[in-house]
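The two complexes that follow have chain A in common; it is paired with chain B in the first and with chain C in the second.
Up next is the complex of A and B:
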C-alpha cells in the first residue's frame, strides 16, 4: 500500500483501509461470540457495512427503514431487555436527525447501546453539505453518560468496536466513509478507551489529532523534523469523551505549544475539549485549534476539503510553523540571569 | 575574527559571564561567606577601548551581590586596564598589572584579590581536590558557560547566531544529580537567555545531566570529550544528540577564548 494521496487508491487498498469495512467484519466476529449482539439499520446496511453482520445473523438484524428516530427508540427497548444493540447510520443522522431519541431514550437511561456513526466529518465529500457531519462531536460530547470515540484508522476501529462491548452504557464511535489511510501496522499498541496514544515524541510543539487526521499529523511531524529540525509530539486523541487530561497536561507542561486538528467544526469538538483542559489548568500555553471554521462546508472530494481546511499534511505543516511564532509567556525578557 | 572584535567578545564574556559567578562563592563557599559577612563596597573593572571605557562594577552588601555594566564615578576600588586585551589577559591568568585605586579600602581590596584568585577554579587546568572547591568549580563553570553561550550569541558570533536563529523556542538544561546545581539556556529564533535552576515552563530540548560532582570534573576540565563522557556514564544527555554535540562545540569555543 502506498499512501500517495488524492484518488489514486486501488480497490484492493480500500478494502484494507476502510474503517466501515473493518467495522462490519469485526461486528460479525463479535456476533459469533456474543449472542446478545443485535444490529439495527435505517436503510443504510450496505453503506455503513452493518449489512455484513446482517448477512451472518439475519435473525439478529433489523432494518427499520428510513426512520432513524424510531431506530434509536427500538435500540433502547432492546437494550432494556438485556440485548446489546449496535446501531449504524451516517453520523449526520445519528447525531442530529435522531438526537433527541439518542439523548432521552438511550443516554438518559444510560442504556447499553453502541452507535457506529459512519461518514463522519467531510468524508462523504461529494454528497455535499447536507451529508457532511461537522457538528456531531460537539453535539454528542454534550450529552451525559455517552462516551465518544473517533478512531484513527481501520485497525483502531476494530479495537474500539471490541473495546466498547466491554463498556456498560452508550458509546458513539465516529468513523469515516472510506479511503482512510492506515496509521497502525499492528493492533498491539495498547488501545484503551480514554487513553491517548503518543504517536511520536517531541518537545517543541504538540499536535493533537483524531480520526483520519492522525495519519496526516504523523506525516507532517516527519516533514517538520526533516525539513525544519522541529521536534513535534503527536498525540492520537481517539477518545474525545472522556478526554485524556493527563496526556494533555503532560504535553502542556513539556512543550507549552499545542495545536489540535480535527475533521469537524472548531466549535465544541476535539479542539474545544483540549482547550477546556488547558484553560482549567491555569498554565500558559500557545494554543490553536484547526478544523472547519464556523461555516458550512462546500461540496468536494474529502482530500480536497481536508486540504482546503488545512487538516491534511500540508496544512498541518503550515499551521505548526505558524504556531511556533506565537508567544506563551506574557512578556519576554532576554536579559541573562546570574 | 578581527583581533579587536575577538577582544571585545572575550571582554563581554568576562564581564557578563565570569564576574557574575562570584555570587556562587558568596552563596556557597563557607570561607567566602565568612569573609564577606558585613562587608559593603563597590569594585569596578574598566578597560580602554578605542577612546571608550568599557567595564562593569560589583556591589557587595553583606553577602548580597549585584553586578552592573553601568560605570560608577567613584567606586570604592577600581581596576583599570589600558586595553581590553590586557583586561582579558588578567582574567585568563596571565601576568598583567592593572592600575588599582582604593588602597585605603584595604579590607575590601584583599578580599577582592582572594575572590579573583578563587576564580582561577574556572580554568580547565584547575583540578581541585577538596569537596567544597570541587562543587564550587562545577557550579561556577556551568553557570559561567551557560551565560557565556548566551553572550556569544548576543555578541553576534556568526556560527552561534546561525545555530540559534533556526531554532524555535528551546531549553538546554544542565544539572548535577542530587546537588543544587542547575542552569539553563533558552534559545528562540536568534534570541538567547541564560538562567539558574531548573526551567519549569517546559521540558528541555536537551538536558545534560551529570550523575555527581566527580563525574562533571573530567568533562569540565576537558580531560574527556563529550562522546567518551557519555560512553563512560559521566554525562547523561537526554534529548537530541545532534544538538547536544553542537552545543558542546560552542562550549569548547568558550573554553578556547578564555585560555
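Up next is the complex of A and C:
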C-alpha cells in the first residue's frame, strides 16, 4: 500500500471511504504541506467532507452559511491575494446556484480556485430533482479557463485532488455522494489530468465512461466478452475538459464503434464532448451516447436511477449489444433522403 | 380568530399524530429531514386546519389560499401533513423516497398533490410566494399566501431580494413563517452564520414582524390574526422552535437534521412524543 505523493493517504484507506471522505483526508494532508490552502463551504462542510480540513485548520476555513454566490465571490478574493481556495458544496449548487459568480469572478479572472463538488449526477437519488446535477458537466464545460474532472472512484479522487494543486487556474472536480464502487486496486496507473485511462483493451467496440459509471463499464465489458465474445475497449475519460482527443481518435480508428455512458444529461456532457471530436475528425463511426435523455430525473435510490437510465452494468450490456447491430454507413450506401 | 379550548385540543391531537407519522415515514423511507420537519409541525397544523381556505378534494381550486414550503427539505413533514389533511392516501407514503413514488425528500409540485411549488434549493420559495401574492393583486383575488422559511435559509441573498421587493410592493397578503429552530446542517445558526438580531432585520426590510413561541398554538393563532389584519405590507412571524421537537434524543441536536430510524429508534421516538402530550389521548 503505497503512500501517495508523500501523503499518509493510502489505497487501503480508499477502500473504506467514499470519494468525499477521501477528498477530506487528502485535502487535510495537502493543507499541512501548503499553508496557502484555504477551505470554503456553504453549510455543507460536513456533507462534502471539506469539514475535515476545517477541523485541522480552523483559521484557514470559512463556512459562509447557506450563501453560495457570496462563497464564490469570497473565493475569488482569497485567490486574488495569493491564497489557494478549495470550495465545496453539492454539484447542483456549485454549477448552478452561483454559476455567474464562478464564471465571472473566478474563471474570467482565471483565478486559482479549486471546486470539489459532491453529490454529482443522480447520486443524491432520493433527494430528487432539486439535488440532482445532470447539467453540471455541460455548464462547466462551456466556461473558458476551467478544467473539469470526474473521478471514477476514491483512489482517483485522491489523485485528482492532488493533481489539481499542480495546475494553475480553476479546476472543477465532480464526485459522488456515497460508496462508489472501487475501480482501481492501485494508485500507480499514471493518473494525469487530460489523459484518459484505458481500463481494458478491445477491438470491436469502445465504451467511454466517467465517474461511478466506469465501474459498471468494466463489469459490462467482461460480461460481453464472456457471453457474446465481443472485444470491448473501456476508456475512463476522467477529464472532460481538456478532453483526450487522441484516445478518442485511436478508439475511432481501431474499433469504429463508440458508446459513451454518463450520469448526466446526454446534452453537453461526456457524450457531447466525445461526439465533437468524432465529428470534427471527418471519419465515420457508429456512435451512441447514453445518459439522461434530456428530462428531469425523478427521485429514487441511486442504483434504481442508474438502472432506469441504463448506466449500470445491465444497461451498458444492453446498449452495447444494440450498437453492435448498428453499422456506420459507408459512403456508397448513403441515400440522399433526409 | 382565537383558539377555543375544544379546537386547541383537536389541533394538538392532530399535531401529535403528525409527529408520529413523520417518525414512521422516516423509518420506512430510510432517511428524511426529520429535525426541521418536527420543528414546523405546530404552526403548519394551525395553518392547514384552522386558517387556510382550501379544499383538499379540489386541490386546484382557484380561490384557495397557497402555502409555499420555502425550506423544501421539510418535504417529509409537509407530505405527512397533506396526507392527514386529506389530499392523498397516507398509505402512499409507505413508498416515500423510492423510485416511482410521487414523494421524496423534496416534494415535486407536478407529482405531490397539494404542493404549490417544487422547492428544495434554499432561498427560492419566498420569491415564488411573492409572485403568487402579486398575482393575486393582478387577478383581483383575495388569496392569502403563506411562505415557510428556515432560519439557515435566511443566509441566502435571494431571501433578502424577495424581502425587499415584498415591502416595495406592500404585499399584505403575504405572510411568512420563519422556523427559528436555531440550527442548520453544520451546527447552530449563530456559530455557522449569525442571524441575530433576526427580527430587527425583517423589520428593517419593512415587514410587520412578530416573535412568538412556535410550539404554542395560542400564540400562533394570535400572531396570524394580527398578521391577517395588518394591511401595511408583508408580515413575518418568527416562530421560536426546537429542531426535532417531541423526540427527546433529537431535540436541538444538529446531527438529526437528516437521518434514518430503525424500528427500535422509531418506537423510542414515538414514546417520547407520547410524553410531550400527557393530556392528549
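In this text, the second predicted complex is superposed on the first by the 314 of 338 C-alpha atoms of A that agree within 3 Å, B and C clash if a C-alpha of one lies under 4 Å from a C-alpha of the other, contacts with A are read in each partner's own complex, and residues count from 1 in each chain.
The definition used in the following text is that a contact is a pair of C-beta atoms (placed from the backbone, for glycine too) under 8 Å apart; a residue touches a chain by one contact, two chains touch by 3 or more.
For clarity, every value in this text was computed on a predicted model and none was experimentally measured.
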Chain B versus chain C as contact partner of A:273, first or second or both or neither: neither
Partner chain(s) touched by A:230 [first = chain B, second = chain C, both, neither]: first
Contacts of A:70 with chain B and chain C, given as first, second, both or neither: second
A:284 touches, of chain B and chain C: first, second, both or neither? first
Touched partner set for A:205, first chain B, second chain C, both or neither: first
First, second, both or neither for A:333, with chain B first and chain C second: first
Touched partner set for A:253, first chain B, second chain C, both or neither: first
Chain B versus chain C as contact partner of A:300, first or second or both or neither: second
Partner with the higher number of touched chain A residues, chain C or chain B: C
Which of chain B and chain C A:113 touches, first, second, both or neither: neither
Touching residues on chain B, where the partner in the complex is chain A: 16-17, 20-21, 23, 67, 143, 147, 150-151, 166-170, 188-189, 191-196, 201-205, 239-240
Chain C-touching residues of chain A, taken from the complex the two chains share: 41-47, 51, 63-67, 69-70, 92-93, 97, 125-131, 298-301, 304-305, 308
Touch list for chain A against partner chain B, complex: 203-205, 229-231, 253-257, 284, 324-325, 328-329, 332-338
Chain A-facing residues of chain C, complex: 29-31, 72, 97-101, 104-106, 108, 118-123, 152-153, 155-157, 184-186, 192-193
